[in-house]
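Please read the structure below before turning to the comments.
As written, the chain order gives the labels A, B and C, with residue 1 at the start of each chain.
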Amino acid sequence: MRSRSSLLTFTLILGAALLIGALNLAVPPGAAMHAPDYIVSLAGKYTCYAILALALDLVWGFAGILSLGHAAFFALGGYAIGMYLMRQIGARGVYGSAVLPDFMVFLNWKELPWYWHGFDMFWFAALMALAVPALLASLFGYFAFRSRVTGVYLSIMTQALTYALMLAMFRNDMGFGGNNGLTDFKDILGFPLAAASTRVALLLASALALGLCVLLARFVVASRFGKVLVAVRDAESRTRFLGYRPESYKLTVFVLSAAMAGLGGALYVPQVGIINPSEFSPANSIEAAIWVAVGGRGTLSGAILGAVLVNLGKTVLTGALPDAWLFVLGGLFIAVTLFLPGGIAGTWFIRKPRGARAPAAGVREAAP
Amino acid sequence: MKASIRAILLIALVLASPLAHAQSHSDARESHSDARALLASQRYDDVREGVHTLAASGNPNAAALLTALRDGRLFFASDKALYIRGQDGRLTTESGHPAPDIAASALHPVRVNNAVRRAADAALGALNLFAPSATDRETAAAAVFQTRDPALLPALDRALAQEKDPSVHRAMEQAWAAVLLSSGSGSAAERLAAVAALRARGDLESRAILASLSGQPPELVEASGQAVRAIDRDLQLWNLAQNVFYGISLGSVLLLAASGLAITFGVMGVINMAHGEMVMLGAYTTFVVQQAMQAYSPGLLNLSLPASVPLAFLIAGGAGVLIERGLIRFLYGRPLETLLATFGLSLILQQAVRILFGPTNRQVAAPPWMSGATRLGGLTLTWNRLWIIAFAALVFAGLMALLRYSSLGLRMRAVTQNRTMAAAMGIRTPWIDALTFGLGSGVAGMAGVALSQIDNVSPNLGQAYIVDSFMVVVFGGAGNLWGTAVGALTLGVVNKFLEPVAGAVLGKILVLIALILFIQRKPRGLFPLRGRAAEA
Amino acid sequence: MNSLLYIDGVTVSFDGFRALDGLSLVLAPGEMRAVIGPNGAGKTTMMDVITGKTRPDAGRVVFGADTDLTALDEPAIASLGIGRKFQKPSVFEHHTVADNLLLSLAGQRAPRRTLFARESAAERLRIEAILGTIRLTPYRDLLAGSLSHGQKQWLEIGMLLAQDPELLLLDEPVAGMTDAETAQTAELLREIRGTRSVVVVEHDMAFVRALDVKITVLHEGSVLAEGSIDHVSADPRVIEVYLGR
């Protein structure tokens, strides 16, 4: 994928979002071309998933780090914005407290915990949606990469991380709404979330964010940094003998990716209207990995394609044959790894140079 | 107070009764008929008196009569003869013979109120202290310890004097001490002896009695204070031991779940995310076997668990061989792909079981030999936990022996250590791969049999253990079975000690974080394979 | 004596097995040295110790005037100017030949630098020059994974040259090469000789002879003999343990 094609991707994403928005707002309901509201919110959801997929692809496809905890970063970003939306409810909550969210009143809390301060300001919450995942990723990554934990060990550790976070968030005394999470949002930046125009605006914002993420990811992987990253993926110890520090490369891309996932989560929550601890479940992270695998890891457009296709399949199938979806998802995992290691994009879209093979993140290190 | 003094006197009579009985048969007979008259009275005081008289009479049926009275099943006819209505509603005479036909209107119930009931209870307690069966006597002593009825003190004294069974004697002594101290009677020396007896008993109730002593001579307060502190120390130790037991029990569950993984992941290096589903298959096998036995041979139902073990091994092991041949062998050397593919497989297996057996929990009944508990000093050991610990140890030992001493084990180790060399020696490596994977899966299936006893048998059963199992194997050092055992027990004990301090969920989180930090420091686990082999 | 590399009494044990046993070796600046010895003599372990992959149990490795390499890790040692070629060719298979060289070029290694680095004209010229030296110019835009075994060996030597190191460590550079390729490689090494120090580990005695340099014979983790090819091949102990009669 050259930079021209990433501009094309950018244009396509934005164009699709604009089209859906226009068909929803400008075409009257009942007309054949009208895009119903649920299409807008589905498109918005898929866009956010695509951001998550892109973030995961950046670490998995290009640095060989299969993170099974990326849903945690996504959810943290979501919680940050969720906290802002909770504060925006103000006195309109069931208990009518101007400051305390409903669940705190319910738990008989008297005042706002310190870490809820500042979340009444949008800019602060938006900053936290990026900073908190990035901070967690840098802490975790610093320790993990420094001690040269790689491969499946790293995957299992990231899974344990998101699992621990899920258990923690289920607790009421953490102050994040426990089991029920954060919900019943009213408006964002003063615009009611229920309004069709707000939803279209959120879809456009998500599409813009995704497009910019594609450009950013493109810049990163095309740079010399990106080449080192691929070198680290394929032969980590060789890069060390060339004088590179793989751990700082992995850490950089891991943190960037976590912030990107946080952005996806932050855009996701206002569109679905709820965030709860189940977003941290390890299964969510693994599902994101299969989007990337289906689309084609190591290709940016592939990750986006995979996220949209798999979720489209999920939406259609869970509606038509609810029992069959898990069989299909499980089958996808197996079929892709066995028959389509390069994913859709890696197999059909990319014209490979002579002798090139589909990138395989699990390649054993060539160096002894 | 007056009544209770009278009661004491009367019960002292009871105690004398075996002697008195032998000495003067006629006296007893007389007191017996007194008792009848008193019981037939309309005044509660008289009835209570009657209870005491009856208890003191030495009448061999006294216990049955008193029980019936307490339960309101004792009647008298106009001639003062007593009749008991049995649980089945049939009337019998005092001595248990079927009663002659009497018009229901001719019978009047003995009047009972709470005071009478208490008197009957106390009298029964005292009577049971002389019951022929040691178990009954011990139960009676324990009951006295609970009620601490001062009226029973003389009875206790007397029972103590003639008790031969050491354990019953001890129980009576403790009961005596409890009554003595809480009623405030007895000489100073007796009370000191009582403190010592309670100190020896050393449980929370003894502690409560000792701690409530006040306004006593200083030396007694001193002694009881010391006893309380000593009991506290003991209780702490027992508490510690109990926690260790819980920890070992949890550790053995982890070990069971992780043993199979130690083979497939630790030894073979295959990351099988469907490992938990092998455990689940084992648990459902147990369920099916139990259902089948219930339907076809209910007589053998108690053996359904042992019967499930080999079957679970075969089913999960067979599934393992299929998985290896059909999926994993195409993915050797690609661990991340293996992880994803086997995760997909776990989704499919879960969903298949959900459709076959339904999404709800299935009950696997515990056989009688696995229910209940036994006490060891201050420890409560439940039988199912004990069995699971034993089972885990057995499975682990069997696995070690198989790997170390069997020719299959030798070939397995050869293949995992140097595949090409093993192949060159004529070992059919693909076959060994399949068998090794099958073995690990089969062990997981056996774990499922045990887990069906302590966890819900549901399609999500395996998910609950998969992260923990990986942690155990990684913590212990992949490829090292001993490491897995030590890792499992350590994690189990640490978890149980953190639980009371931090709460179950937070404790689990802390353990996870500690593990993550541990892996940072020692990426190859507690007992890493060292040297050049590990570098490859 | 002025030395570039001074290995001083280095001992390495793996679970009781002594891979290196008080090994000492001195390399002058600009010197090329061939190291030979039977399997298990400690040749690769010696390279591991110099490059920081393995920490010795005892002994020092001094580079240049007074840098103790045993206190540094691999990237730090590589940045000092020590390049290593592995026994098994180790190139970045999913990068083109040119990119392999680009990544090896001496320069900034920190992520914040490489993120914004652009290929300069000087770098491009240097890459072309190295491509010429290692005879891979026609293959510059091919993925390295598609090269033949011998070409990968050359590419790896080229990557070492691109690093512009003071000391090159070559572990069996001609293993698996055809005779013609071996001869070309010997020629290549003679070309770079004198400009930097080189340690070559080899089994191929014809190749070692063609290099015509001082030889160190390792046996069981320490130096058995040292000197010219004629000197060591006449040494009865060397014949006994390695060359054979």
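As a convention for this text, contacts are C-beta pairs under 8 Å (C-beta built on N, C-alpha and C of every residue); 3 or more make two chains touch, one makes a residue touch a chain.
All values reported here derive from a predicted model rather than from experimental measurement.
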Checklist entry - Any idea which chain sits dead centre by C-alpha averages? => result A
Checklist entry - Of all the other chains, whose mean CA position lies farthest from chain A? => result B
Item to check | CA centroid of chain B to CA centroid of chain C, Å | outcome: 68
Next on the checklist: Measuring centre to centre with CA averages, how many angstrom lie between chain A and chain C?
Outcome noted: 44
Checklist entry - How many Å are there between the centre of chain A and the centre of chain B, using C-alpha atoms for each centre? => result 48
Item to check | Multi-chain contact residues (two or more partners), chain A | outcome: 368
Item to check | chain A-facing residues of chain C, complex | outcome: 44, 51, 53, 73-75, 78-79, 83-84, 86-96, 99, 102-104, 109-112, 114-117, 119, 141-143, 145-146, 159, 163
Checklist outcome for this item: As the complex stands, chain A meets chain B at residues 66, 140, 143-144, 146-149, 151-153, 155-157, 159-161, 163-164, 167-168, 170-171, 282, 286, 289-290, 293, 323, 326-327, 329-334, 336-338, 341, 360-362, 364, 368
Checklist entry - Can you list the chain B residues touching chain A in their complex? => result 271, 327, 330-331, 333-341, 343-348, 350-352, 355, 467, 470-471, 474, 505-506, 508-509, 512-513, 515-517, 519-521, 523, 535
Checklist outcome for this item: Per the touch rule, the chain A residues reaching chain C in their complex are 220, 223-225, 227-228, 230-231, 234-235, 237-245, 248-249, 252, 353-357, 359, 363, 366-368
